[in-house]
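Next come the structures, one after another.
Each of the two complexes below includes chain A, the first together with chain B, the second together with chain C.
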Partner chain A sequence: MASKYIALPKGVSEKDFDAAIVKFREILGNDSVLTSAEQLAPYTKTMMPVSDAEHTLSAALLATTVEQIQKIVAVCNQYKVPIWTISTGKNLGYGSAAPAERGQVVLDLKRMNRILEVDKDLAFALVEPGVTYQQLYDYIKEHKLGLWLSMPAPTAIAGPVGNTLDRGVGYTPYGEQFLFACGMEVVLANGEVLRTGMGSMPNSNTWQVFKWGYGPYLDGIFTQSNYGIVTKFGFWLMPAPPAFKPFAIQYQHEEDIVEIVETIRPLRISGVIPNAVVIAHALYEAPVTAKRSDYVSGPGSIPDEAVHRIMKDHKLGIWNVYAALYGTQEQIDVNWKIVMEAFLRSGKAKILTEEEVAEDAAFTYRAKLMCGEMTLTEFSLYNWRGGGGSMWFAPVSQARGSETLKQMALTKQILAKYGLDYSGEFIVGMRDMHHIVDVLYDKTDPEQVKAAYQCFDELLTEFSARGYGTYRVNTAFMDKVAETYGPVQRNIHKTLKKALDPNGILAPGKSGIR
Partner chain B sequence: MKNITSSLALVFMLLAPLASSAQSPAPAVDETLLRRGNELYQYWCATCHGRGPGHPGTQALETRYGGALPAVLEDRPNLTPDFVGAFVRNGISIMPFFRKTEINDEELAAIGAYLSHTPIK
Partner chain C sequence: MKRLKLKASAFFFISAAMLMNNAWSEQEYKPDAGFVWKDGAEIYAKVCAYCHEANVGPKILNRELPVAYIRAIVRSGILAMPAFRSSEIDDESLAKLANFISQKASQH
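Now for the complex of A and B:
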């Protein structure tokens, strides 16, 4: 007999699921429990090279309050129904709004979107999960708070809670998002509500200003995890500086990455350049203005010769460094001198200031990201191949020139084997680099889908064999990445899971944890 | 599940001729709805579908239509609310989906009305 659901949770009978759905409807009302294929369509589209059927949800629950979520987890425990929580649900390239496993129920918190507090003096915010960056940006503007947001490239449509919980990155001096998180409220699988850090103490007013509280620090275990449902989230905002100077630096040869990193590292560690600098390959920037089909046709990855033509036509370096200085004009003038001296030493760098490249679309969006302004220009990456296939390959490397060169060469070599292009960039952290490669392919072409899957699998295998770990991955490869971090960590993750969520109802499979 | 991209392409082919013939005679205009639609369009869609460089949605439509239709959605003569709705909910190729929790059905109807109504744009 055909099921009335488009999927069912693993091991749950339709009868039990019916009963759970009835209870969910009692808690949320009919309109906030979605089960029809049409209603669920937006939750089923992913960019991964696996059948969307593997990640098809059974239902979506649209909750708006902590009390509703407490009741929902009680029902989930009763019927062993697994739920996959999303906040703004735009985890594009990492699994989108679809669950890790077929049949899981998506708990969509987008409508739980109150901005609870933004403190101008202490420069912090406390928000609910559904708040988007655009919403917070508008609020800050409207109330003239003079604070800046640090956002991932999908800015407007994503949000601080989901981005930080997945340990995402932005591009201002506050770019390593989780470093600036301060205090969470979490609904646990048993329905209890935990406030982390100082939030545990009645009447405390330091929840959003002191991270550590007393005893073991717990916030970390609720990121990239499935130990709880975060319902409030505090984080620090950057006071708008009196002056801001974005700039670009171009280099012409791939090997120059060694010099670039060796030059940036001391400037970054000493704080002369305070933000998450980006070193973008020509193929990461090209899609903003160039069309792949104008340069190559047919299968195979784009040859270096074509990349050089693109660089010439679109005024790109093979490496394009984007960074900025922040502070008073006097501070910026002093630091600019230091930056110029460091980069001009070898004679290879071409430094471009805002005055010179203000009209350039790639520079414009990079500058916006570095000062917390809205842009979706980076989505042009997807026009490169078309067909909507994308996976972020995100290994971490030391901020050391020789390491970045090794990682780039290995990535290029594996991508080329499968006919895919190197659309890569390095985001310079405090001492690390997130090497971010968009593995772009045409999801409507079965051959490319197969190649992309194998390619990604090989990238993970080869990188981990050399000790290069991945910081975050899409939902099709979470187990594989968890495996690369060894059995002891996996066991600890599992032990915590058993203790906090014995029925395994919260996002089974997240980061390979069940 | 069959490929959403190809089924949407089919929807497009079926709707395109209908859409243009449905332009006349002009229906009664609900100015409030159109204004709301315009606001919502600017809020949710214009960052990608706006005019000029740096707008990936416009860039994608330029490639798709090769000049046969305007690449900027606000200039398109043949959009209908159903057509707009299908793409917003399902996404297509590079365009992400938008859920009811982001853009609710009434808001989507307003965006659809705005984009289907050429004169005030």
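Now for the complex of A and C:
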């Protein structure tokens, strides 16, 4: 007899799963336990070059309270049912809302979406997992709190809890999200509820203002992990500055990345440029206004000659730096002078400010990201090839020009081997760079799917062989990346897993941990 | 008046006891009630428009697209467009959204 489920968890009989579903329905009500193919369809679309069947869930649970989640983990322990937790569920290019392994139940916390507190004076927020950036943005506006959000490019439809738990990045001075996280509430696999840091102490009012608490700092082990289910999350917000000056700097040659990085690093480390600067390749920015098919057809990666035509037609540099200054007008004026002097020294840079490029679509969306405004314009990347295939290749690099050039050249060379384009950018951290490459391919074309998979695999292999690690990866490659960090770390991860979740019910496979 | 007060404090005791195992009570927050969409226009403006009015997706207003088609695309996603789950846009709100989009120009 055909199963009534579209998938079943590994090693769980249909009879046991039936029993678990009955209990889930008792806890949540019928409408919040989804099992039909139609209800689950939105969870099955991924952008990865593997069959979506490999990541098809068995059911989705829409919980809204801590107590419900405590009861759910009890049922999961009883029947050994694995659950994959999502908050806003828009981890696009990293696995979307689908679980790491076929048959896992998705615990979808999108409806657990109360904004618990936003403190204007201390500039922090405490939210539940389902809160989107749009919801928080509207709340801040409505209550005139004068605080800015630091968001990933999918702004409106993503949220602070999921983004920070996956250690994502934004583009304001608070761009390294996890640095600004302060206090979590976590449901553990045994049903206990932990509040991290100062939150562990009854009646404490410093949970969202002091990160470290007492004893070993625990928040980190709940990021990119499967040790708990985060149900409340605190983080700091940036007070809206009196003035904001976004700008772009264009360069014409790929080797100029060396000069760019050498110029930016001291400005970034000293805080003259305070935000997560982006150095975007022409092919990352082009899709905002250009169509690939207007420049090339047929197989193979786009030739440099076509890229140069695009740069000319769409007023792009081969590298496009986006950064901003924040503060009082006086502070900005002083820092602007320092920035201008630094970049104009070699005569290669073209500096553009709002006066020149206010109308430019790429500049506009970058400026929005740097001041916490909503935009989804970066999704134009997916119109470049078409076909909806994408994986983020995200190796970490030193903020050193010679290193970024090496990484760029190696990435481009491997992509070219598989006929794919270099849609890359560097996001400048405090000392590092997140080298972010959107490996775009047509998921409707089986040949490109195969090529994209092999290409990504080779990128990981070649980069790790040179000591370049990736900071985050899609669910199809989590084991491979975990392997590159060596056996000692893997063992520690496993030891913690066994101690905190002996039945392995929480998101098995996340970051290669089971 | 007195009875009312008594009742209220009895209720407080029970709910506090229920949360005792956590040692803190939810009363420390005065949270908002949780998020619900107002109407189709709001969803369009705060989700769809960021792509469909920004050259990422095609124009979908004023084309009288069939309601069932809009609902299907929102739930399944299509190529560059992500899928939206019922936890994000509930069925009732999606029906309102689809009606809003498929209306004739004059009705927007």
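Keep in mind that, in the parts below, the second predicted complex is superposed on the first by the 514 of 514 C-alpha atoms of A that agree within 3 Å, B and C clash if a C-alpha of one lies under 4 Å from a C-alpha of the other, contacts with A are read in each partner's own complex, and residues count from 1 in each chain.
Methods note: a residue touches a chain if its C-beta (ideal position, glycine included) is under 8 Å from a C-beta of that chain, and two chains touch if they have at least 3 such contacts.
Being a predicted model, the structure only gives us computed values, none of them experimental.
Colleague: Identify whether chain B and chain C fit side by side or clash on chain A in the overlaid structures.
Modeller: Clash: chain B and chain C overlap once superposed on chain A.
Colleague: With both complexes overlaid on chain A, does A:L116 touch chain B (first), chain C (second), both or neither?
Modeller: Only chain C; A:L116 stays clear of chain B.
Colleague: Going by the contact rule set out at the top, does A:A53 touch chain B (first), chain C (second), both, or neither?
Modeller: So A:A53 only meets chain B here.
Colleague: Taking the superposition as given, does A:V209 touch the first partner, chain B, the second, chain C, both, or neither?
Modeller: neither
Colleague: Examine A:L496 and indicate which partner it touches, taking first as chain B and second as chain C; both and neither are also allowed.
Modeller: Once the two structures are laid over each other on A, A:L496 reaches no partner at all.
Colleague: Have a look at where A:K45 lands relative to chain B and chain C in the superposition and call it first, second, both or neither.
Modeller: Once the two structures are laid over each other on A, A:K45 reaches both partners.
Colleague: May I ask you to decide whether A:T375 touches chain B, chain C, both, or neither, giving the answer as first, second, both or neither?
Modeller: So A:T375 meets both chain B and chain C here.
Colleague: Go through the superposed model and pick first if A:A74 touches only chain B, second if only chain C, both, or neither.
Modeller: neither
Colleague: Quick check for you: in the superposed arrangement, does A:K291 touch first (chain B), second (chain C), both or neither?
Modeller: Touch partner of A:K291: chain B, not chain C.
Colleague: Overlap of the chain B and chain C footprints on chain A, residue-wise?
Modeller: 34, 39, 41-43, 45, 60, 62, 88-90, 92, 96-97, 108, 110-111, 130, 134, 155-157, 288-289, 361, 374-377, 379-380, 382-383, 386-388, 443-444
Colleague: Applying the document's contact rule, which stretches of chain A touch chain B when the two form their complex?
Modeller: Listed in rising order, the residues of chain A that touch chain B are 34, 39, 41-45, 51-53, 56, 60, 62, 88-90, 92, 96-97, 108, 110-111, 130, 134, 155-157, 288-289, 291, 293, 361, 364-365, 374-380, 382-383, 386-388, 443-444.
Colleague: Which stretch or stretches of chain B touch chain A in the complex?
Modeller: Against chain A, chain B makes touches at 1, 3-6, 43-44, 47-48, 53-57, 59-60, 63, 89-94, 96-102.
Colleague: In the complex, go through chain C and note every residue touching chain A.
Modeller: 21-24, 29, 31-35, 46-47, 50-51, 54-56, 75-80, 82-88
Colleague: How about chain A: which of its residues touch chain C in the complex?
Modeller: Interface residues on the chain A side: 34, 38-39, 41-43, 45, 60, 62, 64, 66, 88-90, 92, 96-97, 108, 110-111, 113-117, 126, 130-132, 134-135, 138-139, 155-157, 193, 195, 199, 202-203, 288-289, 361, 374-377, 379-380, 382-383, 386-388, 443-444.
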